[in-house]
Amino acid sequence: MEIFSGIYGRGPVQAELTDAAFLQAMLDVEVALARALVRCGLADQANADELAAACRDACTFDAAEIGRSTADKGTPVPGLLAAVRARVGERAGAILHRGATSQDIVDTAMMLVARRALPILLAELAGAAEACAAAAREHRHTLMAGRTLMQQALPITFGLKAATWLIGLTAARNALACVCDHVLAVQFGGAVGTLGALGDRGLDVMSSLAAQLELADPQLPWHTVRARPVRLAGALGETLGAMAKVALDLVLLAQTEVGEAAESPRAGRGGSSTMAHKRNPVGAIAVRACAERAPGLVSAVLTSAAAQEHERAAGAWQGEWAPLLELVSLAGSAATALKETLSILDVDATRMGQNLEALLRSPEVREQLAPDGSDGALDPGQYLGVAEQLIDRALAAHEATGDG
Amino acid sequence: MEIFSGIYGRGPVQAELTDAAFLQAMLDVEVALARALVRCGLADQANADELAAACRDACTFDAAEIGRSTADKGTPVPGLLAAVRARVGERAGAILHRGATSQDIVDTAMMLVARRALPILLAELAGAAEACAAAAREHRHTLMAGRTLMQQALPITFGLKAATWLIGLTAARNALACVCDHVLAVQFGGAVGTLGALGDRGLDVMSSLAAQLELADPQLPWHTVRARPVRLAGALGETLGAMAKVALDLVLLAQTEVGEAAESPRAGRGGSSTMAHKRNPVGAIAVRACAERAPGLVSAVLTSAAAQEHERAAGAWQGEWAPLLELVSLAGSAATALKETLSILDVDATRMGQNLEALLRSPEVREQLAPDGSDGALDPGQYLGVAEQLIDRALAAHEATGDG
Amino acid sequence: MEIFSGIYGRGPVQAELTDAAFLQAMLDVEVALARALVRCGLADQANADELAAACRDACTFDAAEIGRSTADKGTPVPGLLAAVRARVGERAGAILHRGATSQDIVDTAMMLVARRALPILLAELAGAAEACAAAAREHRHTLMAGRTLMQQALPITFGLKAATWLIGLTAARNALACVCDHVLAVQFGGAVGTLGALGDRGLDVMSSLAAQLELADPQLPWHTVRARPVRLAGALGETLGAMAKVALDLVLLAQTEVGEAAESPRAGRGGSSTMAHKRNPVGAIAVRACAERAPGLVSAVLTSAAAQEHERAAGAWQGEWAPLLELVSLAGSAATALKETLSILDVDATRMGQNLEALLRSPEVREQLAPDGSDGALDPGQYLGVAEQLIDRALAAHEATGDG
Amino acid sequence: MEIFSGIYGRGPVQAELTDAAFLQAMLDVEVALARALVRCGLADQANADELAAACRDACTFDAAEIGRSTADKGTPVPGLLAAVRARVGERAGAILHRGATSQDIVDTAMMLVARRALPILLAELAGAAEACAAAAREHRHTLMAGRTLMQQALPITFGLKAATWLIGLTAARNALACVCDHVLAVQFGGAVGTLGALGDRGLDVMSSLAAQLELADPQLPWHTVRARPVRLAGALGETLGAMAKVALDLVLLAQTEVGEAAESPRAGRGGSSTMAHKRNPVGAIAVRACAERAPGLVSAVLTSAAAQEHERAAGAWQGEWAPLLELVSLAGSAATALKETLSILDVDATRMGQNLEALLRSPEVREQLAPDGSDGALDPGQYLGVAEQLIDRALAAHEATGDG
C-alpha cells in the first residue's frame, strides 16, 4: 500500500517492481523468444519484428485485466498472450510463445525483474557501505565503549564499529552480485521440460534467450527444482539482516542515555508530533521494519521450493511470486533508508569519550587494561590490539568490491 | 501487484484493504476521538462536527503523499494530521488528535480495518463451509477409498471427507469470530501510555472510542504488549491452513489417475494454454498459493510482537503492518477461491466406486473388513463404523455457527 | 543437547518432555483404550488389567530401540506395541490397540504430554506474573522516563511498566489455560477415521478415553484437520513473545548507561569470565534466546497443518512432533528463567529519578507537562494521567487469573 | 528425543552432533588456541601439551553440569574452563583461553562441528545423487506421463525426472561444499573484537587457529555480523528442499492409483500395523518430515542474525545454536533416508507405460504430439525433444561434483 511507502517502499528499486515492470519483463521474454526462434530458423524476422513492436510498452496493456485472468488460468501468461495476439497479425501471433509454457515466461520474467533491480539495490548498498567506510576512516581513533550483552565491556573505536558494519554490508553485496551474475537464469523447458515442440533446437533457443536477456543459461529447466529462487531469497535475507544489524546499533547509540550518534535534525525529519525534544531515529527504524519481515518471507520461499510436484507445482510455485518480489522491494527500501541515515549521521565523539571515561574509572577495567600496573587506561595503543589492522582489512575488502 | 490479483487478491475482502480504506479508518478514529472528547466535555461539538465533515471521504486525501511522509515520521499520522488541519479552522484543528499518539491511531485503524474485513471474510468462509456441508449431506452414502500416507487404506464416504473439511472451516470461523468480537480493540494510551494529556478522563475517552468504533475496550493500552495482533494473525493462519487442507485434497482427487473430483469446465477456466485435455484445478491452486505464504507472515508478526521496546517499539511495530494486512488479504482471496471452487465441483461418484473396487478386491482388505468370513466387503454398513454420526456432528456444529 | 540446557532446557517443565514421558503417555493412552473397551463391553477386565500392569513404567521400555523402529514404520507405535505384546499373554495382546491407528496414539499422547506440562508451565508463569504484580504494587509511585522509539519521551512510573508486562503475561496465561482446558483433545478415529473396527461403539470409546485422560472429547477425529496443534503452538508462541517483551525491557534497563534495573549479583551469576565489572543480564538473555526460536517453530507447525493429505498425512504430520515439543520446552525454560530473574531484580529507583531529571530539564518537556505555565514538572500527579488506574486494572486481571 | 530418532535423527551425521561432539569441539578450540599461543611465543609448549592432554576426551567431562552452568553464565565456556583448570596445573591453567572470549570458543566450535559433519552429510547426499544418476541412466528411454498441476500433460521419460532430481541434489551439494570450504571460519576477537589482550599478535593467533582447525581465516571477527551462520543455514535449507522435492515425487508416484514407483518391501519396512496391503513410502515420508521443519529453522537463524547488539548480542546469539545444529541433524537424517529409499526403489516401467497410454489416447494429445497428422504418438523420438541431452547434462554436472 502507498500509505506506508516511506517505510516499506522507498527508493529507486521500487520502480523495477511495479505491475508495468513485471509486465514489461514478460513481454521482453516473449520478444526475446521470438528473436531466438528467428535465429534458429524457426520463425521469420518480420513476424518477430511485428511482435517486438507490439510488446514495446507494457503501459499500454491492462494489468488489472490480465491480473484478473490469473484466477482462471493460474498465471498471467494466457491473458497476456491474448492481449498481444489482439495487436498483431495471425502469422506473428502464431509464433508468439512457440515452444514455451507459461512457467517459462513467468520464471524468466521474475529473474529479469531481479536482474534489473539488483544493480540498483547494489548501488544503494554501495552508498551505505561507503558511508560506513568513511566513518571507519574518519573515526579510526575515536574511542568509545565496546559493549557486550548490552554492558560496557572494554574500549573500542567507533572506526572499528563502522568497519564491522562494513564487513556485513560487503559480504551481502558480494552475495547479491554473485546471485545476479550466476543464479539468475533463463527458464525454458516447454510444457513438460523436454522442449519437445522445438525438435532438436530447444537448447539453442534457450542459449539465445540467455544471451539476449543477460541471464545465465541454466543447462536444464528448473521448473520444480527451485535452488535459484531460494538463493535469491537467501541473499536478500542476508542483506536485510546485515542492514538490520547496523540499524540496531544506530537505534541503541541514539538512546537518550547513550547519545553517541543520531540522525541530523532537518526539516520535518524524526521530530515527534507531540514531543519536540525527541530525535527519533526514523531511518534506522524503517530499516528495522523492513528487515523484520525478511525471515518470514525467506521461509515462505523455502517452503514453496520444497513442495513442487512433478513437472509443475500445483500452488507452491504461485506462492513464490509475492515473497520474492517483496524481498527485493524491502531490501531496496532498507538500503535507501540506511544510506540516507548514515549520510546524515551525527557522531558525538565527545559523548563517546564521556561514556567511556565512566568505564575506565572502574578499577577492574584498569587492572585488565594494564595488568602490569602501568596506567594503561591512559594509553589506548596498549589495549586496542589490532583494531587498526581490522579497519584496514575491512576497507580493503570494501574497496575490492565491484560497486564500491 | 495487480498482475497476480486473480491468485492473491480476489474477492470482496480486498476492498477493505486499500489505501483509501486504511486512510478512512484512520480518519474515522480521529473523528471518533473528537466526538469522545465532546462527550467527556473536553471539546466542543461544533469543532468535532467540522472535523467529521473534513474527514468524511478518504479518497479526497493524497495517500501517496501521506505515504511518503512516513519516511520522515515513521508513521502516516503526522502527514494525515497536517492534511486534515489544512482543511479545518484553527479551533477544530486544535482538538484534532488531542490526547492521542500516532500509534493510537494506526493501531486502532488496523483493528478497525480488520473489524470491517472479517465479517466479509466470514461470509466467504460460510459460503465455502456451506458447500462442504452440502457435499456432506449429498454424499453421505457415496463410497470412496480412504487414503493414508497416500495409499488406499479402507473405505470411507465422500460425505465423511467433506465433513472433515467442514470441521476445519467451522473451527476457523469460530476462531475468527472470537477474534472479531473480543480481540480487536481500541488502542489509546497517549504519548507514553498514561493518557496524561487528558487528566482523569482518559479512560472515559477510551471507552467512548470503543463504543463508537465497535471495538473492544482493552482496559489498558497495549502499545508494546502485542497479544492482539498475534491472535489476529494466528486465527488467520489457522483459517488459511484449514482452507489449504481442502485444496490439497481437491488437487489430489483431481489427479488424472484418481479423477474423483474436478472443477467444472467453463468458459476459459482451468484450461491449459497449450494442452486442451487438461482440467487444471486452478481454484484449489490459488488457495494453496495464498496459504503457502501464511506461516511466514504469522512468524513475522510473532517476531515483531516479541521485540517491542519500552513504551513504543523502534521498528518492530512498523514491521507488523504489512504482514497483518497481507494475511487478511490472503485469507479473503483464498476464501473466495475456495467457495467458488467448491460451488463448481464435479464429484465423480462412479470413479470413486471404481477406485474403491480395486481396493476391495484385495484379500487382506476383505479379511479386515469382515474377519468373520462373511462377505463384509459387500456390506458397507459393516465397516463404515460411525461415519454417519460423524457427519451429523459436523453438520450440527456447522449449523450452530453464526454465519452459516 | 544437555550442553546448552541452562539456556534452552531449564526448570520443572522439562521432566514432562523426556523420552520416558512421551513413552509413558503413549502407554497411558493404550491402557485407557483397553479400559474403555472394557467399559463398552468389547474387552475383558482381566486383559485390560494385565495390559495396565505391563505398561506401568515407561522406563522399563527401550526408547532408543523404539525410536529406531520409526524409520521402518513412520511412527513409534508399532515398535511400542511389539514391546508391550512381548510382556503380556496372547489374550491381553489381542485387545491391545484395538480399534485404534498409530496416529490415534501419537496424537493423543502429544496432547497428554501437553496436558501434563502446561499446568507446570502455568505455575512458572504465575510466578513471573506475581513478581511483576509485586513490582507494580511496590513501584506504583516510582517515577521513571517513559521511552518511545528508544528516546526518553515523558514520565511514567515503574509500576506502570511492570503492569504492562503483567498484562502480557496474564493474557498468555489465559490463552494457555484455555488451550489446556478446551483444545487438548483425544484423537480417536481408527484406520481411516470411521472407527469402523468398533461397530457402533466407537464414539463411546472415544468419550471414555477423554474422560480417563482428562482431555477434551473432540466430536470428530482430527487426523488431518490440525487446528489443535496450531492453537497449542500459537498460544505457546504468544507466551514466549510476552516473556520476550519483559526480557527486552530488562536488557535495555540494565544497560550500563541506563542502569535502572539489574539482576542481583550472586555467586557465579552473570559475571563475565574476563570482565568482573559487568553485570550481565543472563536470565533475560536466556528468555530472549528461547523466544527468538519460537516464531520459526510456530510457522513449522502452521506449515505442516496445511499439508495433511487425505485421511493421514505423508510427512507433514511427522514434521509437527518436534516443533510442538520444542515450543513447550522453550516456554517452560523461559518461564523459569523469567521468574528467577524477576525475583532477583534490583530496581534502582534513584537512577530512574536521575535519568528522568535530565528529561524534565528540557524546556519542551516542561511546556508539555504543564502548558499552563505552572511548574507541572514538579507535580507528577498532573502528568501521570490514569497510570494508577491502569495499574489497578492490570492487578485486578492478574488476581482474577486462576493460577495467580 | 530418541523416541523419534528413526524420523529425525538417522544416519552417520548424528554422531557429530552429540553433547560429547560439541564439547570436544570446544576443547579442540582451546587446545588449538594454546598451541597458537606457543607458536606466537605467547605460551610455553609444556603448558600447551598439558592442556592438550587434559582436553583429549570430551567424554570425561560432565556435559550436564556444564550445561547447567549456562544458566548462570549465558554460555558453556566458563563451566568448561573451570573443569579444565581443575585438571591442570596453575601455569597451564593460566594460558588456557588467553586472549579469547566465550563467544570465540562457542562460535568456532559450532563451525568445527559443522566442518566435521558436512563431509559426512555430503557423502550421504552423494549416495542419494548417485542413485538418481543410476536411475537417469537406466531409465533414459522409460516413457512416462509428465504431469503439471497434478494433471497428466505430455510424455517424458523417468530418466529425465531422475535427472531433474539430480540437478537439485547436485546444486545443493555444491552449495554445501562451498560453505564447508569458504564460509566455516574461525571466530577470534577477544572481549570486544580488538584482540586487545594479545598485543600485536592477535591476527597471527587467528591465522594459526584457522590452519590448525582447517577453518577459514575470517580476516575480521564476526561476533555480531552473522553472514556465516546465515549461509550455513541457507545451504542446509536448500539441501533439505532439494531432498523434499524428490520425496514429494516419490510419495506421489507411490500412490495406489499411480503405482509407478515404490520402496521395495522388506522385513518390517513400510508395512502398516493394521493394513497389510499398503506399501507406505516411509523413507520419503521421513525426508518430508525433516524438510518440513527447515524453513522455520532457517528463519530463526535469519531473525537472530539481524538482532545482534553492539559487540556481542544479548540473546539472539544464544538463539542461533539450536536451530543451526538442528538443521545439520535434519539434513543428515533426510539424506540417509533418501539414499536408502532411492536404493530400494522399485520402478514399475510397465505401469508407467499403462498410465501414459491412457494419455496418448486423447485426441488433443495426439494432435499436439504430431500436428502434421502422422501418428507421432507412436514415435517418442518426435516428442521427447531434448530429453536425452538434458539427462546427459545432469549426469555430467553430477560427475563433475567432488564427492560423486
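Chains here go by letter, A, B, C and D, matching the order in which they are written, and residues are numbered from 1 within each.
As a working rule, a residue touches a chain if its C-beta (ideal position, glycine included) is under 8 Å from a C-beta of that chain, and two chains touch if they have at least 3 such contacts.
This structure is a prediction, so every number in the text was calculated from the model and none was measured.
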item	value
Taking each chain's C-alpha mean as its centre, the one farthest from chain B	D
Centroid spacing, where centroids are CA-atom means, of chain A and chain B in whole angstrom	30
Between chain C and chain A, distance of the C-alpha-averaged centres to the nearest whole Å	36
Centre-to-centre distance between chain C and chain B (centres being mean Cα positions), rounded to whole Å	26
Per-residue multi-chain contacts in chain D, two or more chains	74, 101, 147-150, 153-154, 191, 251-252, 274-275, 280-282, 285, 291-292, 295-296, 298-300, 303, 307, 314
Overall pattern in which the protein chains touch one another (line/ring/star/complete/other)	complete
Chain A - residues contacting chain D, complex	74, 101, 146-150, 153-156, 160-161, 163-165, 167-168, 171-172, 175, 190-200, 202-203, 219-222, 224-227, 230-231, 234, 237-238, 240-242, 244-245, 248-249, 252, 291-292, 294-296, 298-300, 302-303, 305-314, 369, 383-387, 389-390, 393-394, 397
Touch list for chain C against partner chain A, complex	145, 147-154, 251-252, 254-258, 272, 274-282, 285, 295-296, 299, 303, 307, 355, 358-359, 362, 364-365, 368
Touching residues on chain C, where the partner in the complex is chain D	1-10, 17-19, 22-23, 63-64, 66-74, 76-78, 81, 97, 101-102, 191, 247, 251, 268-271, 273-275, 280-282, 284-293, 295-300, 303-304, 307, 314-319, 321-323, 325, 337
